[in-house]
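What follows is a short report on a single structure.
Letters A, B, C, D, E and F name the chains as they come in the text, with residue numbers starting at 1 for each one.
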C-alpha cells in the first residue's frame, strides 16, 4: 500500500512520541462492551507499546460473556442499583469466565503476537484486596437503602510487587477484575476501578479506559461536541450540569482517583476506533477525552 | 496434646531432613481423585516446605470437577482409549474449571496459610507447549487405530523461566494442566505428565505424585505388599509381570521420564494419608513407592 | 517414640512460629554458669533456628573456665564490687580461654551439627569497642569510691558490618566477650552486655539471655512466682521493691538497653531446661521472663 | 500528510521488524563520501534504532574533510597504491579532523535528537590497536614493492569493553577511525575496516556500510543489475570475473571478515537514499547488497 | 640512587596519606601554560593516584596550542577583556586542538603508563552545558559594555553520569574544556572553571589547579611570601587589598565555587615543580596554596 | 630525613610494581622464630600491600610461645622425629595460644595500623581440614617406625569460601595453624604447610615464607652463596647434593606443593630484614630465594 519511503517517513514521525514514552507504564482497561472484533487491534497496539519500550498492563472486563455463561447454566441474574446480585454460584461462574477464559484468551493472543504475557487474578499473591460492597437501592417510598448484593467488592488495597517483578523481567501482565478479602472470600470488582487502582499502585504514567463511546460529549447526540481535555477540578461541575451521566460517571471517577494517586493522565478512548491506543500515544490526533490533574 | 518438651524433641528430630532438603525444588502433583477433604493437609504441607527452605511447585488435576461442569451445561462426554474426546466446548469448560476455579481455589488457600501463591496456566508465557495427541482405539477387527480426539495435547517443551523468576522472588507457583501449541490452540494435558515434565525442566530434586492408592502393590488386594523402592531399570519387568497395570502405568512412566531428565527421586504417595508429603520428606517412615534411577 | 503422624502434627503446629520468625535475627547469650551439659541442646536449637530461616548469633561467657585456668597457672584473683581485678596476665589468660578455647569449641560443635560457624573476638574488625571501666567500692566509712580494676571494659560502640556480611553469606557468628579500645588495649567485657549491645547494633528482633535460674521470680524461693512479662517501664519499680536483686539486676538492665536500641523482645530463659530456645520461639509455652518495651 | 489511521497502520507494519531486531547490535559505518546532506537522515535513523531497542554504534570516515584541512594549512598529500602517505603532520591533522571535529559533530547532532552519544577515538582505552601498514607499489620494472607510507595502520586487535559498558548504560558510541599501537604511536585506519573489526569484537548482528553507490552491480552502468544477496563463498568468483573491482573490493572484504568473526549479516547500502538504514531494517524493501555467510 | 631499605622506608612513610585518600575523587586541571615538559611528571602522578586507590579526573587547557594552530591557518585573534573573540572558524580550530589533539595525546600517554584513559569533550553525553558569555570591555569614555565575543561559554550545568560510570568501571576520564548548549552550539569554556564545576558535580574531595606560579604570594616578587592556606571567607579581603590580582583572581574564584558545591579542599599548585601532585597528596610538604571552606 | 622530592621520586619508582601486583593475592607466613621485634615491619608491609591494591592473607606460627605456656602450666613436651607429641592438654594450650593470643595480637595491630583484620582458626567454617599424622622415628636397630604423636594433623582439604568473602569485602584474614577433622577433633598443623595449601586453594599469585635465615645458601656458612632462584625441577637435585637440609627441606616442599596447585611464585625471605616483604614485592632488590615452576 505504502512505498518504502512513506513507511520510513512515518516511522520517523513517531520518534518523538517513542522517546517521550520510553520506560513509561500504561494501564489499559478494555473489555466488556469494548471487547470483540477490535481485539486484535488492541492487542497489536499493546505489543507495539511493549516493543518500543513502554510497560503496558491490561485489565479486562467481561460482563456480556459472564451473562452468556449464566444463561448457559440456567442461572438468572437480578440487579440492584445497576450492580448484579452475585450469589456464590454466580461468583464461581464469573471467576471462571474472567480468569479461566477471557484472561487466557488475551494471554494466548499476546504470546502469539510476540510478547510473553501472564494472566493474573486479583487473588494471585493477593494482588487486589477488596471488602464487600453494598448496593444502593431507592425504595418505593423515595428513601434509599443499602442492601447486601453478595460477592461484589470494593478494592481497598493493591499489592503491586508481583506486577513490578513481571515488568522488570519483561512480561506483560493481564489482570482479571477478581479480588480477594485475604481470608478466602472472592469478589467481583469493577474493571475500570481495578485499572485505576492498579495504575496508582504501580506508579503508572497513563491510565487508558477503552469504551464504546467517543469520549465525554457535551451533547450526547453530537459526536462533534467531544470534550478533549477535562481537568479534575471541573468534574464536579460537569456532573452538576448533567453533561456527565450514566455509565460515564464511574469511569470519570476512576480517572480522578487515579490522578489523585499520582497517575499523570487518564484517557477515555473509543475502543471501536482501530488502533485507538497507538493513535493516542504516538500521534497528535487527539481522540477521546483526556482527564488531567 | 503434646507437652512442650515433646514438641521440642520432634522439631529436633526433623532437623536432619530440613538440612538435607534446604534449597531443593519439589514438584507436587495432586488432585483429580486425590483432591478433596485432604486439601488442607496437602496445602499446609506445601506451606511448611516453603518455610523450611524448599521450593515447592504444585500441579493439580481436576477430572471429576470438569465432569461435573460438563453435566451442568448438559454436555455429554465420550471417551476413546481412556481419553476424553475434547471438542472445542469441552476444552473451553475444562480450561475454565482448571484455570479459573481450581487453581484459584488453591492459590487462595495457600495465600491464607501464609505464602504468596500465583496461579499459572501452561499458556502463561508459553509455560507448557504441546502438540495434538491421537487416541489409540482397538477396532472390532482386533486392529488398532489412532483417532482424532480433539484438544488433548502431549507436552513437547517447557519454558521454565517464569517459574524460576517466581522461585527467586519467593512465590509458590500453582500450575493448571493446560497447554498451548504456541499458535493459539489450547490443549488439555495429563497433570501427572505436566508435573513430570515441569520437574525435569526446572531441575527439581523430587517429583511427588499424590494418588488415592497406597503406591505400587505386588498384590493389589494386599496393602502389605507395597513395593517401597523401584529402580527405573526394573519398571519394564514389572509391566511384563503384570504388577504394573491400569492407572499406575502412566504414573510410573512419568516418574521414569522425570528421572531421565535429571530429577533425583520420584514418589507415588497416598494422598489420603494425612500429611503424606511431610511424612515422606521429614521422617524415616517410608510411605508409598519411590522410583529412583 | 512418636508415630509418623504425631511427628507430622507437631511439625505443622510449629508452622505459625516458623512463619512469624522467618528472616528474623536473634542474639543468644549463653555460658558462664549456663554452659555445660546442656550445650548440645542449645547448639542444636541454634542450628534448627538457622535452618528454618532465622539468623542466630551466639555470644558466650566463660567465667568458671577462666577461673580454672587462672588457678592452673597459680594466679590469684581479687574482686572489687563483683568485678574481677584484671591485670595484664589475667586478661591474657581470659582472652585465650574465651577466644582460643570456648569460641572454638562452640564453632566446632556447630559445624559438626551442619551449619558453618565462625568464631569472632570483639577485636576482629573492631567489632566491640570499649573504654576502661572503674570498679565501684564501698569504703569502710560508708562512702563509695571508683577504683581501677584493670582491663575491664564497658562497650561504647559496635561495628556490626562483619556480622552482617556473615549473615548475608549464611554463616553463624559466635562472639567472645573481648573488646578493643581501638588503640591496642584489650578488655574483658560482660557477655550479657555484649549480647545486648550487639542485638541493638545488628537490628535484632530478639535478645535471649540464657541463665541458670527460672527467670524473674517475685519470691525467689517459689518457682511458681515467675513473672512472665515485664514492661521496660516497670523495671525501676521492681528494683525499688526488691524483687530485682543480685545477678538479675544487670541482666534486666541489658534487656532494657537492647529494647531502647530497637530490639523488639528480650528474654531471660532458664538454660537448664532442655531446648529452652526452641520452646520459647516455636511454642506457646511461656518459659522464663520476657522484657518488652 | 498522512491520516492518523495511516500512521497507525504503518507503525503496526513495522512491528515484526522491531521484534526481530530488539536487543541486537548494529555497527554502521558512514561518512567519507556518504556523509553530507543526508546526515540528518542517517542520524535520525540511528536514534530510532536506539529507541526501538537496538544497540547502534557509528563508525565514521572523513577523507574529504581531512583533505580540505590539509589544503588549508598548505600541506600537500602524496598517494602510493591508493593510500595517503601520512607523515607526522598529516596524521596530526587527520586525527584532529576525525576525532575533534567529525566525531563531535555527530555526537552533538545525536544528543540533540534525543540520545546520549559519546565520541571515542580508537586510542581511548586502546579500543583499536594497529600495526604499521606498508603501501604496495608497482615499480617501473613491473615488480611490486612495499614502501613505508607513514602512520597508516592495520587493525590487529579490538578492546571492546568500553563499548560494552556504554551499551549497557544506554549510550550510543561514535567511533573515529584512529588507532594506537599501544606504545604511543597513532595510526590512521580505514573506517570500513574499523567498522568490520568492531562488529566482530562486540558480537554485532549486523554490519552496515553506507556508501555512495547502489550496492554491487553486475553491470556498473546499470542500477537494475544490483545483486541483492552475495554469499561469502561467492566473493572470490565475483572478483575473478571482474564484477567486484575498485573501491567495492575492500568493502566486500570487510564484510566477509566480519562474517568470519560471527556477524550474521553485512550490508552495503546507498547512503544517498533517504533513511536507507530504516528501510533496510524495518521493511521488506531490499535495498543495496547483503553479504551473508 | 637509593638503597632498597631507603625505598621501603619512604613507601612506608606514604602509607598514612594513601590510607587517607583511598577511594577519594580528585579533579586535576592542568595545561595551558603549565603543560609542556612536566607532562610526564603530571601524568605519572595521575597513574600513581589511580593505582593507590584514588579516582582522578583530568581537565586540560590548551591556549598556547590553539594560538599556534590559528597562526598556522593564518587566522588572527582579537581579544576583548582578556577573552578571545571566538568566531565559528576559531571555535572549530579550538575544538579540534583541544578534543582531537591534546585530549588524545594525554589519553595515549596515560594508557601507555598503564591505566585505561578515555578522552571526553563536554559535548559527549552533554557533559558540560553552557550559555553564551559576553565580554566586558571598558569604553574610551570610561564606561563598561558587554560585547558579543562569539562562542565563549559559561558552564551552567554538568551531567556527571558518564564520569561516574567510567569511575565505577575503573577508567580515567580526560576532559577537554568544550561545552554544548544542548541545541547544537559549541562553546569554548575556561578550563579552570570546567574543572571546578566538574569537581562539584562529581562530589570530588579535592580540586587541584596546576599553574605556572608558586601559589598566592603576598608579595608577587617574593616566593617566600607564599600563603599556604586561604579560607574562602578571606578571599574578598585579599581581593580588596590587592594581593589577589590578574590571572590568579579567576582561579581563586573557581576554588571558592567548588568549595560552595561541597568539594573539601582546592589547591593552586606550581605545575613546574616535579611531581607537584604527589607531593601535595602524599607528603606533609605544603606546596602551593590551599583554599578551604 | 628525605626531601619531598626524593620521596616523590621513590613513590614513582614503585609504580611499576604496584601496577604489576594490583589485585593479586599474596599468602604470607610468618612467625615462629621470625616473629618478634620485626613484627611491626611485617604488619606495616601487609597494610601497605592492602592499600596499594593487593589481597594479603597472613598465616602465623607460634612454636616458642606455645612452649612458653606449656612450661607455665608445668607441662613437659616430648618430641618424636622433630614433631611435638601433642596430647589433649598440649593441644588445648596450643590452640589457646595460637588462636586466642597470637592471632588476636596480630589482628589488633593490623586494625590499629588502619585495615580491618579478622582472626580465623582453621576450624572456623572448616577452613582447614586435616587427618592425623604419624611421627616417623628411627629405632635403635636402624629401622623406622610410624608412631602416634597425638593431635598433629596433615591438611587434606581447604574450604576457601570464607577467605574469599573476606577478600571481596575488603578484610585482611589472619589464620592460625589449627585444623579440624570435621568430626570435632582439633589438630595442630605446620604453619608453612597451612600457608602453602591456603595459597593454592585461594588461587594466590605469591606465597611468602618469612624465616630467620637469608634463604637457601649453597654454603650455609656463607651468606654470599644465596641462591636467588630455584626451579621446582631442581629441588630434588639440591636435596641429593645436601644443599637443602634441616628446616629448609619442608619449607621448600611447601613451596613446590603450592606451585603445583597454581601459585606463580613462592619466596623464602629473611624476616629479620626490615620490610623484607616490601623489598621483595616493590623493588628489584632480589632478597631471599624465589622458587618458580
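We take it that a residue touches a chain if its C-beta (ideal position, glycine included) is under 8 Å from a C-beta of that chain, and two chains touch if they have at least 3 such contacts.
Everything numeric here is computed off the predicted structure, so don't read it as measured data.
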Just how many steps, at minimum, does a route from chain A to chain E need if it may pass only between touching chains? 2
State the smallest step count from chain C to chain F, taking one step as a move to a touching chain. 1
Touching both chain D and chain F, which chains are there? E
Most distant chain from chain D by Cα centroid: C
For the two copies chain E and chain D, is the contact made of the same residues on each side, with over half of the numbers shared, or of different residues? same
Would you mind checking which chain's C-alpha centre is most distant from the centre of chain A? F
Which whole number of Å gives the spacing of the CA centres of chain A and chain C? 57
Indicate the whole-number Å distance between the mean C-alpha point of chain B and the mean C-alpha point of chain E. 70
Gap in Å, rounded to a whole number, between the CA centres of chain D and chain A: 48
Indicate the residues of chain E shared as contacts by at least two other chains. none
Once the touching pairs are worked out, the chains link into a ring; list them from chain A, going toward chain B first. A, B, C, F, E, D
Contacts from chain E onto chain F in the complex sit at residues 1-2, 4-16, 18-19, 22, 44-45, 47-48, 51-53, 114, 274-275, 278-279, 282-283, 285, 287
In the complex of these two chains, what residues of chain B are touching chain A? 72-73, 92, 95-101, 104, 107-109, 111-112, 116-121, 123-126, 161-162, 165, 169, 171, 178, 180, 182-184, 186
